[in-house]
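When the chains are written out, they are named A, B and C in that same order, and each has its own residue count from 1.
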Amino acid sequence: MRRLLEIKGVFVHSIRGNRLNDINLSISSGERVALVGSNGSGKSSLLAVANGTLLPDLGKVIWKDYSTSNLGQRQRKEIGTLWQDLRLVEELNVAQNINCGALANRNLLWSLANLLKPIELNACSECLQKVGLSTSILSAMVSELSGGQRQRVAIARLLRQKPELILADEPLFSLDPILAEEILHLFLDNTMTSDMGEERTLLMSLHQPSFFRHFDRVIALKSGRVVFDQPSECLDDEALALIYGSA
Amino acid sequence: MPSRPDRALVLTALICFFGLQSCTNQTKQTLRIGAIPDQNPERLNRLYGLLSTELSKELNVPVRYKAVTNYPAAVSAFRTDSLDLVWFGGLTGVQARLQKPGAEVIAQRDIDAKFTSVFIANTKSGIKPLKNKSELQQLNGKRFTFGSESSTSGRLMPQHFLQQAGVQMNDFSGGKPGFSGSHDATIALVQSGSFDAGALNESVWKSARKNGRIDPAKVKVIWRTPPYADYHWLAQPNLDKKFGDGFTEKLKYTLTGLKKSSKSQAKILELFGASSFVDADQNQYITIETIGRQLGKIQ
Amino acid sequence: MSRLSPTPPILSLLPALALLPVLISILISFHNGGATLLWEFICAAVHPSIQAEVVQSAFRGIQITFSTALLSWSLSSIFGICLGIASARVVWETFLGKSWPATVIRRLLAIPRSIHELLWGLLLLQMVGLSPWVAIVAIVIPYTSLVARVVSDQLDTKDRRALKGLKQAGAGSSSALITALGPAMGPVLLSYVGYRLECALRGATVLGVFGLGGIGTDLQLALQSLQFHDVWTALWLLAAVMFSLEQILSLIRGYFKLSKNGIWQITTILIVLLILCALSIPWLNAVDIDLGEPLHWSPLPLPTFYELIDAIHTLPWIQLISSTMLLTVLAAGIAIGTPPLAMMLWPSQLGIAIQRIIWGLLRLMPTPLTALFLMLFSKPSLAVAALALGAHNIGVMGRLLKEGLDQQSDNHLKALSAAGAGTRSAWLYGCFSGQSRSYLAYAAYRTDVILRETVVVGMVGGTGLGWQLIESLGSFNWAQVIVLIAVFTALTLIGEAITDRLRYHWTGSTKKLPMVVDLQS
């Protein structure tokens, strides 16, 4: 298996101590990794470091052969992120939001045309169907959708991007258990295979221990440090206590 | 003990009081003179500064120059008694006199009785010097600019001669003439090529040529108009009442008495572009009034 | 789904298409002769005249302009706040239980607002002659009504539950009103009233351009006689004053944001207004502007009914109104579309910094001067007038957009550029989209302002109602003047009604509107 993402000796400072403290890990293609840890343990920072939106104060993050501090458009396109706050563009409709995922391969005129009238609707419908939404909402404004629908639109946008690595920041947060399970399955079943049939790589932060079995590997953070990094089968109650227990 | 807002209020009241008081200490009658703004401001300020000093010395009243920056404003200022003595152009003078019955034409420059305008053209425009008035027809379809819209030498008379030659205002390129705003601007705009041709006061043209602001390769005179009466001093009817009997006469005498032999007076005359001021009469402006009415500038 | 469904961001950009016809028509008539003048003008920027006379005159001019602005601003703010309270429905309802008097006052106040301060100035000049009060009152009249509108709108949109509670608990009407609505009004007043001072300064400058004294007069006369070095002396001085004022006001706003006591804020504002009002009078006296001089009241001769009918028949209405509308549309298009277009094409930090400087210069330059300046290189035309009017408003819209973007988080921008979007697309989707609704709402309002301002350039471009009005004033044809003002007022009122709807349309569906948009009306 090829190494996709490599994080070497990364520190991120903040006023209240280090948000990330000497993180070393690598993620290979096709892996499905769960990222766990209590609130404030550094999960979001780690994901942000991985997609290049947060630059480490010390250490290196390597995506394939490039440092994330200067990724080109092509490399950035290969890393897809599902943000915790989704970051949908509220002023636009569903199709236009999904098309945001394709901006990397298109020029400015295309993006202007999309604002005038949603384009490439077939591709959008395809993505929408994969996340279990009816194509009738293509022209709905995203601000009018329910929370679960918004989540799915955000995933559809991710699919439109066709990334190799998916970083998902607590996508199941604030969903009821049934919906959470549904979204997770949607994720694992419908989004992890590319059009060419290749397996995508996943790094997802989440809190529900019952879901860990769906992942190959679990990485746990505590106060910015990696305290656990093993196949998901090895995660027992003791380890959980260590991760979520008080320092 | 007063609280903080109270003290602030008292302070405010005091400041307001002094503020208002400071604007109510004014007593002596001042002769307020003004002029239509037909030249650049520096020159106007210098000119009327000198003239104010001279008049004040001769007439023994305080004299103050109040700058006005557009033609109608000068007329209104005269109508509303804001100015006692104004240097008007032909048209503005007639407008002011009609709106203020009894106003008196006091004097004009030696050159004003036979004043002329010049038509100028950009050398690239293909307009040739005219042999006679009817050749103004050449201007049909050209970009043409007047100066200020209420100017006699920069608009009224040129427009009159154009119409005599059969050129209507909507014959120009763009369906109407431009208004550059001043004689200086007309020169600049024709010289730059913004307009193919324009019309302006000949004395401004001459002084611009003397100061080297004209590039003969770019702009040339194509025609000089027949003479007409233009600028003059107009005084309020109530000056005798305000400053004492015979004041208007004295004013007239002082102005026409400015001589080149006195150093300070010579400077004033030079800035006015004249060798002396002479008596003037309102009858000289009947033609202008008629033309003004024809062109709708006088109601 | 083949129907066009333009979104707010593209709707804000599309008006930039107005640049095409305008620039093409200006470029066609651009000529070589103009290039020399343009070059001279640019060179003069680094060599402003430092002759004592010029500097003194400009220095005196800026003092007159600034103190005029200060006095008219403080007066209009005080009157505006009072009238605003008097035209708030909530006030009448609390005292009398009915709101119709508020509606009546509101309607009446729309009229002074619909006439540009320049027109008030020219009209007052006809009636009272040359007096420093002309410029002051000309600004006070429309500004009072603008402030009153914002104050009453703000009062009426505040939550009334607290007020009802207090009334039920037996509080008197006035004390209930002050306690329930006062605190929330503090920051609103502060922000808006401060902004009005900048407007007053610009207004006083424009009045100067039309001969009512101050730095505008110096600028106009210097530009007209092509003394570019003198022009720049005045421009730099004006720039320094405007820039410091903008900075000071934003500092004050920042400082007051920390304090939560609205009543204290209002008291402070009122006291500051009174003090500045009182200080500006001796200041004007100090620069030899005599406010104590008696006014020479001479009412205009009222035209007869037949003269009015005659005026209606003689003027080419269709042509006048259509060219005014075209001028408004083109200028508004340029003003609305250009700032986002420029930012989209050049979103780097350097680009934004340069754009800020350019917007600043455009705000600085009074519109009629821009027009006059453009005419040095181009034929006078509607396009020149539209570009001049648009350019000034680009400055205003650009600043507003920048402020809005600065207040917004860059989360979306980061998300899109992390997903590989190019800088321009990312800016468009991730940055501008979030602001586009409020930007459009403000643009609708700005279109109103532009319609009013057509008077100012109409004269230079030789187009529209504005030009005809100046021409009629110059011929002292009062019948025409009255009819023209009536038509212009009607046009502005109709325009206001339309843009109010648009504004509601753009803001109605967003829950919270950035304050700046709400206030800068």
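Here are a few things to note about the model shown:
Keep in mind that, in the parts below, contacts are C-beta pairs under 8 Å (C-beta built on N, C-alpha and C of every residue); 3 or more make two chains touch, one makes a residue touch a chain.
None of the values given here were measured: they were computed from a predicted structure.
Number of steps on the shortest path from chain A to chain B, with steps defined by chain touch: 2. Ranked by distance of CA centroids from chain C, the top chain is A.
Chain pair with the larger contact count among A-C and B-C is B-C, by C-beta pairs in contact.
Centre-to-centre, using mean CA coordinates, chain A is 76 Å away from chain B. If you average the Cα atoms of chain A and of chain C, the two centres end up 47 Å apart.
Averaged C-alpha coordinates give centres for chain B and chain C that are 32 Å from one another.
Looking at the complex, you find that chain C touches chain A at residues 1-10, 13, 344, 411-412, 414-422, 424-426, 428-430, 433-434, 436-437, 509. Those residues of chain A lying in contact with chain C across their complex are 51-53, 73-81, 83, 85, 87, 89-93, 96, 100-101, 103-108, 111-112, 115-118, 121, 138-139, 143, 161, 163. Here chain C touches chain B in the complex through residues 31-34, 36-37, 53-54, 57, 122, 125-131, 210-213, 217-218, 220-222, 224-227, 230, 267, 271, 274-275, 277-282, 284-285, 290-293, 296-298, 372, 375-381, 460, 462, 470-471, 473-477, going by the rule given at the top. Contact residues of chain B toward chain C in the complex are 5, 8-9, 11-12, 15-16, 18-20, 22-26, 34, 37, 39-42, 45, 66-73, 75-77, 79-83, 95, 99, 122, 143, 145, 149-150, 173-174, 176, 178-182, 184-185, 188-189, 191-195, 218, 296-299.
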